[in-house]
Structures are given as C-alpha cells and as structure tokens.
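Letters are used for the chains, namely A, B and C, taken in the order the chains are written, and counting of residues starts over at 1 for each.
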Amino acid sequence: MSFGIMNITNFAHGTIYMLGGYAMYLFSMVLHLPFFVSVALAMMVVGLMGIVFERIVFRPIYDGPEVNSLLISLGLLIVLENAALLLWGSETLNVAAPYNSIQFSILSVSMNLQRVIILISSMFLIGMLYIFLNFTRFGKAIVATAQNPKGASLVGIDIPKIYMSTFAISAGLAAAGGALLSPLFYVYPTMGSMPLLIAFVVVVVGGMGNVQGAVVGGFLIGIVESLGGAYISSDYKNAFAFIILIGVLLIRPQGLFGRSTR
Amino acid sequence: MSLLVCNQVSKHFGGLKAVDRVDLSVEEGEIIGLIGPNGAGKTTLFNLITGFLDVTDGTILYEGRDITRQPSHIIAAHGMIRTFQKINIFRELSVLDNVLIGHHIHIKSNFLHALLHSRKKLREETQMRKESLEILEKVGLGGWANRLAKNLPLGLQRALGIAVGLAAHPKLLLLDEPASGMNTEETRYIMEVIRDVHKSGITILMVEHDMNVVMNLCERLVVLDFGKVVSRGTPLEIQNDPNVIEVYLGKGYKHVAAH
Amino acid sequence: MKTGKLFIGIGLFLFVLIIPLIVPDPYYNRILNVAFIYAISVYGFNIISGLTGQLNFAHAGFVGIGAYTSAILTSTFTLPVGWAMLIAVLVTGFFGLIIGFPALRTRGVYFSLTTLGFGVILFMIFENWIDLTGGPMGFTGIPPVYISGIDIDFGTKSAFYYICLFFLGIAIYINRELFHSKLGRAMLAVHGNEDLAQSVGISIVKTKLIAFVMATMLLGLSGSLFAHYFHFISPTSFTITETFSCLTMLVVGGMGTLAGPLIGSVIFTILPEVLRGLAELQLIIYGIILMLCIIFMPEGIVGYIKKKREKA
C-alpha cells in the first residue's frame, strides 16, 4: 500500500510489523485478551501510530526526490528498532498460541491449526483489502489517487486524508502480520528485518500497486523458500527470495504483473 | 545520396498501427516540416528514426548506413540530434553545464586525461566553454549562463533544449514541436533561431502544429494522418491539396485558408 | 580570490599532515584513521549515488569483498600486503562489473532493492562459506601494512594515519577530477535526464557501469585497509547496517559534493565517541539526525552551505 500506491519507499515497514508483534504481546499476554481480539486491537493501535508517522515523518518529503522517503524511513527504522531495544530489552518474548495443540492431517500432510488460522486470516484480510480497494467508494478514491494525485484532487478527493488512511491501512496490515506470526516466531526488536526484505521482494516481484500481484508473489516466494530450504540448502534459505527478486527484475523490470513504466 | 531515408517504416502497438508504411527522404541542407493532426504518429516517427522506439517493420538509412536497429545514443553520435516535445533540460544544473554536456560526443579526452591534467584535456575544456557560450548567445541565453536551468522562464527553457542539441554538432536536427506552448513573441523568436541554425548548414526536420511556423520556414512538407503519409509537397501545394484540407477539417482549414 | 583559496587549501593540507605529531594520543589517531577508512568508502558511495543518483545497497558487501580478498591473499597465500591490496581493489571492481551489469538494468527503487538483494547474498556467502572466509567466527591474524624492502612497520596507529591519508587523498582527487571531466558530466547527465543524455550521444548503460565499477573499486580499497588495520574481520562488519551507516554519512555530509563524504564520515565517527555515555540512545540519536537532515537539509551540510552561498 505504501510502496505501490503512495509511491514511498518505507523501510520502516518492518519495524511497524514489529510494533504489531509487541502490541500483540501486550494485549494477549499482559492483558490476557482472547487471540483474535488481540490481533484486531494490535492492528488498530498500530494503524493509529501509522497515522502519526505519516503526518510527522513522511508528509514533509512528498514533494522531494523519491530517494528521500527511503532515507527518512531508514531513520525511522533506526529510531524505532533501537527504541524498542531500549524500552523492552532484547530478550525474545513468547506469545501464546492457543490453537497450537490441535493437529489434523489432510492428504497425509499433517497440519497445525494455528498455522491454518494464520493462513485463513491472511486470506481474509487480503480479500477484504481487495474488496475495499475495488468496490468501495473510499477504496476507489485511493486507487485513483495512486494513479493521478492531481486529477484526484481536482475531482474533490481529499488527498491528505487519503494518504493518511492508506498509510494507516499499510501499518495495520503490517501489524496484523506481526501479531499473527508472533506465536510462531516470537517477539523481539529486530523481528521486522527479514519480513521487510521479503515484503519488498514480494511487491516488486508481483508488480507495484497490484494486490493480486502481491498475493501471487507472496505465495511464490514462500513456496520457493520453503522448498529451496528443504531440498537445496537451508543456510542460504533466505537468499532464495532475493535470487528470485533479482531474476525477475532482470527479465521483467516491472515485476510479474506490473505495468510498464517506460 | 539522401541524408535520411525511411523505407516503409511501420510501428504497430498490438492492433494499433501508429506508423503505417511511411516513406520519407530528407536531402542535405533542406528544412522539412512533418505535419498532421494530433495522434497522427509524428512524434512516434521521430522516436523510431532516432532509436528511442523499435521499428516493427521497414528500414531507416542515414548517410546510406542502416540505422534501423541502432540505439539512440549511437544514432546521436552519427550526427542526428533530436529535441523533445516536452521540455527536456538538466534542471538541477546551470545553463552553461547543460550546454557543456551537449558536447559529449565530440570530446576526445577521457577520464585518464582528466586525472593526469593533460594539456589536451585543458585545451578541449577551454574550447568547449567558449563554444558553449557562443551557442548560448546564438539562442539568446547569453546572460543566463550561470543560472540554474529550472529557474528559466519556459520559453527560454525550450531555447536551452535546442542549445544543448546544437552543442552536439548535429548534421541533421530533428525538432519536435519547437514552438509548442509559446506565445506569438516567443514563436517569432524561435523561428529566427531555427532560421539561423538552418543557414549555418544544418539540415532540419521538424514536427510542428503552428501553421505560421511551418509555412514560413519549411521548403517541403510531409503530411501524416493515422500513421500514413497523406500528402507531400511545397507549402503552397499542401495548402491547396484537398486531401490535406480534409484531414485538417475545421481547425487547420481556417488557418490555411487565411493565407 | 583564487589565491586566497589556494592558501587556505595548503594551510589545511599542512595542518592535516602534522596532526599526528601535535596530537600524539593514539585515541584521536584511531578516530581519524577509522574516519578516513570509512570516508574512502563513502567517496565510492558518492560516485554511485551523488553522481548517478542510484543507491547501491550492496555497499557493505563490496567492502567485504575487498576486505576478505586482501585478508585471504595475505594470510593464506602470504602475498605482500601492497600486492594484496591492489588485487583486492581489482577483484572488487570485477565483482562490481558482473553484479552491476544486471543490476543497472533496473532503476530507482528497483535498483536499490536489487543491490539490496545482492548485498544480502554476499553477506550470506561471507557467513556460510566457512572454508574461505572463516564464517561467523571471522578471519584473524591479518598482517599489518608494511612496505617490503623499506622495512618500516606501519602497524602503529600514527604511521597508519599517513597511509589512510594517502589513499583518502586519492579518493578525493578522483572525486574532484570527476566533476569537471567528460565522464563526470555524463554521470550527472544520466542522473538528471536520461532521455536528454541519450539524445546527445551518452550511453546510459556504459556510463552507469563505469561509475559502478569505479565506486566498487574504492569500496574494495576501503575494505582492504579495514582488514589490515583491525587485523580481524567478520561478517558482522559487512551487513546492511553498515551500508546504512555509510549512507547516513553521505547524506548528512552532502551527496554529490566534494567535501561531504569526508565531513559526514568524521562526524559519524566522532559522534559515537562523544555519545559514549548515552550508549543505548546513540543509535536513536543517529536515526533522528538522519530524519531531521532529510526534512530540513536534504542536500547535506556541504550542499546546504553551497546553496546558501548561491543565494547570496
């Protein structure tokens, strides 16, 4: 959302994911709220923080060269990650996985309900995003702004509000990722680094500004990473995502589904 | 031998024939106008000739050499320089630096020479600066050498674009709508500049909508519509060609009939 | 006016030469040495981003290539240090060529991401090819710099100062000559307006590639010096975080300027020392400085001063 639609490179995205994880910890472990409630609250709280970030950090640099958003989000990343380190320490925190104990198997592949829930929740959120962007008035306004900000403002779309909301959605979704995955991967200040890199790879491979592309890209990379890690070499597991990224960018610099910008 | 020859040049975008089997030839020393309604394929043809777009079919010969598939920077090095429809300049650099960059092809000394501060490089540098200032004078930007390009008024920005092209010592200059977006005063001015450039021996092929410019400057015209050549001839012949009048039905008609 | 500048220049130059003699405390020496080593790499970064406008996120990876190459050549193969450094520079430049060629087909953010990918891959190679690089344990016992035949041990900190200074001087000289040369102008042209550059005969691919190889060679030099100065290298010195640091130095100092990389490097080498008391807040302060810089002074300190002067 922030990369493809708002056209800002937000390196702090991973740290927002991390904030989601910590929020999840707060709601589910400290306040003992139920799992899904915690996830929803985490999304909302971090979404609000996203609005703050958008106004303070990103708004001043919209007019400048694109590289500025990259640099300033880098600054934000450094600040957030180290603030987290400072405030919450570097030990990993555990978030309970209430559905972990339920196992079942389909077609001789055994599965864990917790992971299935993650899968279904993600698909649910993605589906909602797709519907929102394509079928609601506000969602279409966002897409319109992405394609042509000047034109959009001419027809009365409130650009600052759009950007604020888009970023809030971006943050909320990142938080969802952090929250949903926290039972599996624990919570710690730098937990956002890898997801950030992978997120970029996904968006680029899938093509910018394109939800379907991002989904396909995400699945593609997830699968290749797992299979590659299992069958070829687990040390270089994370490298596979990048190899795909490089491969795709070389053959089709606009991503698998992206529009040609030349 | 003609300077530039286009043989059955075509460009298809999927089903759309943007340029359809165009034959065109430009002799050395001529000043030719390429006209036609919006969307007729004029800029596309320019892009094809100068290597900014790939040809679907046909050949393009420059000085007898086949340049159809050559990349744009090589074509520029041969002496065919183009300007752009939208104003293209190096915004963050000074006016003088803009023109200095235009000299690129003709600079013989390389970075090694620069590192060693060779006399050759220093000599070339001085010569280049002198020439650049002369070019700026010629297009009327004499006093603006040290200003930042983006701070120029629009009319002068376009003149700068032409100046950069001139610095590359073109043999054939392709001007894409040089008078676009200019008022009467500025248009008259640009016409003078173009006339001077032509007088100095440079062959010119230009796309232009302003009939005043076209009729007064060009020796020959080629009319394009829907990617096809619809008519060719002198300005007088074109004015009275029923095909052309039909193509321009309405807007151009009145303009042309006024002459 | 010109002679005034010349005097200042010479004065500065002499001052810089005698710093180790006036301030013999090895602590300050160390700071300057490290600053200079970083500065060399930042000058490399400057060529790629300041002149061509692309951000190379494999920066630290290339520094690592230089470092490991030099380390391996001198330790495992006991080559004299001078030769090792030269080869390290060439090897890094070579990698710059083969990585740059595909990477430069992309532009803008995509280029940043592609190079980021390469950077990660390089890091993983450093970490996992244990036979070659020693893996996470690092590579120890790297010999110090000494000039064979003259038998002067440059291993001491103040002597190393002059070596760093020498190479820094080369880096600065290259950057300076670039600004007024055909190649440098071509780079600025490519950065400013690719279509226009092409229309006057500049080959985009060739220009970007040359810039990339030049930059990576400087990175290799920096890495090599790094290895011989610290006598120990490990993959953690060549992570994305290091790239970020150098990027910060470049941005705060001023991208595309001549003095920017040096000033940025010095500031961010001194800053950690000054902020030693606030260890945990250190990085946060960096981040805040970076953000404030982008908002208020995106052209860096030197760029900002230049801008003010032009307005006057």
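We adopt the following convention: a residue touches a chain if its C-beta (ideal position, glycine included) is under 8 Å from a C-beta of that chain, and two chains touch if they have at least 3 such contacts.
In this text the structure is predicted, and so the values were computed from the model without any measurement.
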Open item on the list: By Cα centroids, which chain is closest to the centre of the whole protein?
Closed with: C
Open item on the list: On a CA-centroid basis, which chain has its centre farthest from chain A's?
Closed with: B
- [ ] Compute the distance, rounded to whole Å, between the mean C-alpha positions of chain B and chain C.
- [x] 42
TODO: Indicate the whole-number Å distance between the mean C-alpha point of chain A and the mean C-alpha point of chain C.
DONE: 32
- [ ] Averaging only over C-alpha atoms, locate the centres of chain A and chain B and give their separation in whole Å.
- [x] 47
Task: For chain B, residues contacting two or more additional chains - done: none
TODO: Scan chain C for residues touching two or more other chains and write them down.
DONE: none
Open item on the list: I need the residues of chain A touching at least two other chains; which ones are they?
Closed with: none
- [ ] Could you pull out which chain C residues touch chain B in their complex?
- [x] 173-174, 177-178, 180-186, 188-189, 192-193, 195-204
TODO: Give every residue of chain A touching chain C within the complex, in rising order.
DONE: 9, 57, 60-61, 64-68, 70-72, 74-83, 85-86, 197, 200-201, 204, 235-236, 238-239, 242-243, 245-246, 249-250, 253
TODO: Please name which positions on chain C make contact with chain A in the complex.
DONE: 49, 53, 55, 102-103, 105-110, 112-114, 116-118, 120-121, 124, 127-128, 244, 247-248, 251, 280-281, 283-284, 286-291, 294-295, 298
Task: Contacting residues of chain B [partner chain C, same complex] - done: 50, 52, 71-74, 76-77, 81-84, 88-93, 97, 100-102, 104-105, 107, 109-111, 114-115, 121, 125, 161, 164-165, 167-168
